């Protein structure tokens, strides 16, 4: 991975505020923080373009709900080609959260997420799209 | 406004993708684009802290709706200390959009926005918080 | 505008929490609050589909910045077909906020917003897309 | 779980558009879709109030990066009281995504997420807060 170095000019008051922020966020130096801002911007652009994306969906539900787990598993199996992995966490006696990581065209990921969130008994769910990382050094 | 200049090291492939993005967005150079990323990050932090903020609320409504305009004007007058200005735009025969710019504690701005959005006849509304610019060079 | 009435079943504990929320937000009744939730959902779907949209852009800048106002006005005039109206607010001695309301294909609105935000001297800017209201009763 | 039933009045054109949307999203009926909208609204309110929340963080990184995995594991162990579970997925030869589910005060979850995202070599990361489900029927 070849690096280049270039200069950035910035008002003193602005960089002082930025230094405070990155220290609080524990960045080791300005370059690392700026690389992260650049990658964040690139990921936001990438997601908008409906290419191949990674999706992280979390759904919150009561696992005592009759037949809900079976239904959620069924839906996932029917779309196994889009699903990479799933993790199930017991929050308390009733509630559990399931995190499902998917990869594919972003429109397909949204439809699959809609299907899982719409299942009767799912209390809340949200899909977050991110980059596949392939073009992100 | 005194400027300083510092060096950023970055992988070649990453800066190439960033250069494409900022050219498409019409930035004059990398420094300007990076300053904008830094300010965007600072504004996001500032908004979370519930200090003094500027709010831009837009509400969409049918101005034929009886007594709605009067009600919206009433609410605004009761909170005139938070409101800087308002603009009314006729979208078509029925629909208009009103943009209300406010300044004050972000929690107060949110409550006022809730009040206006909840008025019967308002079809849709959204508040966006931004910085007062004071500490943003 | 013809209305229909239909029944919704909901757990008692859920509707109690919802009633508290809508009272705090000042809704006159549950129907109005639920219509607003439905419209919010429809607007979110509409925006994703890249059809005709309304955009509300706010940009924050220092109006002492040499030639910036002229540049911003120039860009707006070149795209006058997309711009409905603009409002300028003096926040303090240096800072002003300009709110520009646009209408057109959402991709075009995004490009125009990028152009204005990228202008040297603009400290911060954000575009928010909403519905034209045409299909939203 | 005791249910109540109440009536909602809504313009015909609006409910027609809503019916199309919920059919596309695969909801079994309007009540289920409206309960979901209500819960989504309640979760958004709950998250803003800095109480106990559940956080789903995903971070994208190159696992070949020297000492990064160890560092990420270290940080997680130091905050094991906030972390419920973690899942690691291999996206390709280089990239992996790690999903970390946390529970605790939302401010603490944000700080921990900042720490993990700021680790040198993490390409991208995002925290999403949701409800613990306790008060969400």
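Observations
Each chain gets a letter, A, B, C and D, in the order it is written, and its residues are counted from 1.
Note that in this section a residue touches a chain if its C-beta (ideal position, glycine included) is under 8 Å from a C-beta of that chain, and two chains touch if they have at least 3 such contacts.
Keep in mind that this is a model prediction, so the values were computed, not measured.
Of all residue numbers used where chain B meets chain C, over half belong to both copies. The two sides are thus made of the same residues.
In this assembly, the C-alpha centroid of chain B lies 25 Å from the C-alpha centroid of chain D.
As a whole-number value, the distance joining the C-alpha centres of chain A and chain D reads 9 Å. Multi-chain contact residues of chain B, defined as those touching 2 or more other chains: 39, 136-137. A ring topology is adopted by the chain contact network, closed into one cycle in which each chain touches exactly two others. Contacts from chain D toward chain A in the complex involve residues 22, 24-28, 32-33, 36, 39-40, 43, 54, 56, 58, 60, 62, 84-85, 87, 89, 91-92, 94-95, 97, 99, 101, 103, 114-115, 117-118, 120, 122-124, 126, 128, 130-134, 136-137. Taken in their complex, chain B has these residues touching chain A: 1-15, 17-18, 21, 30-31, 34-35, 37-39, 41-42, 45, 135-137.
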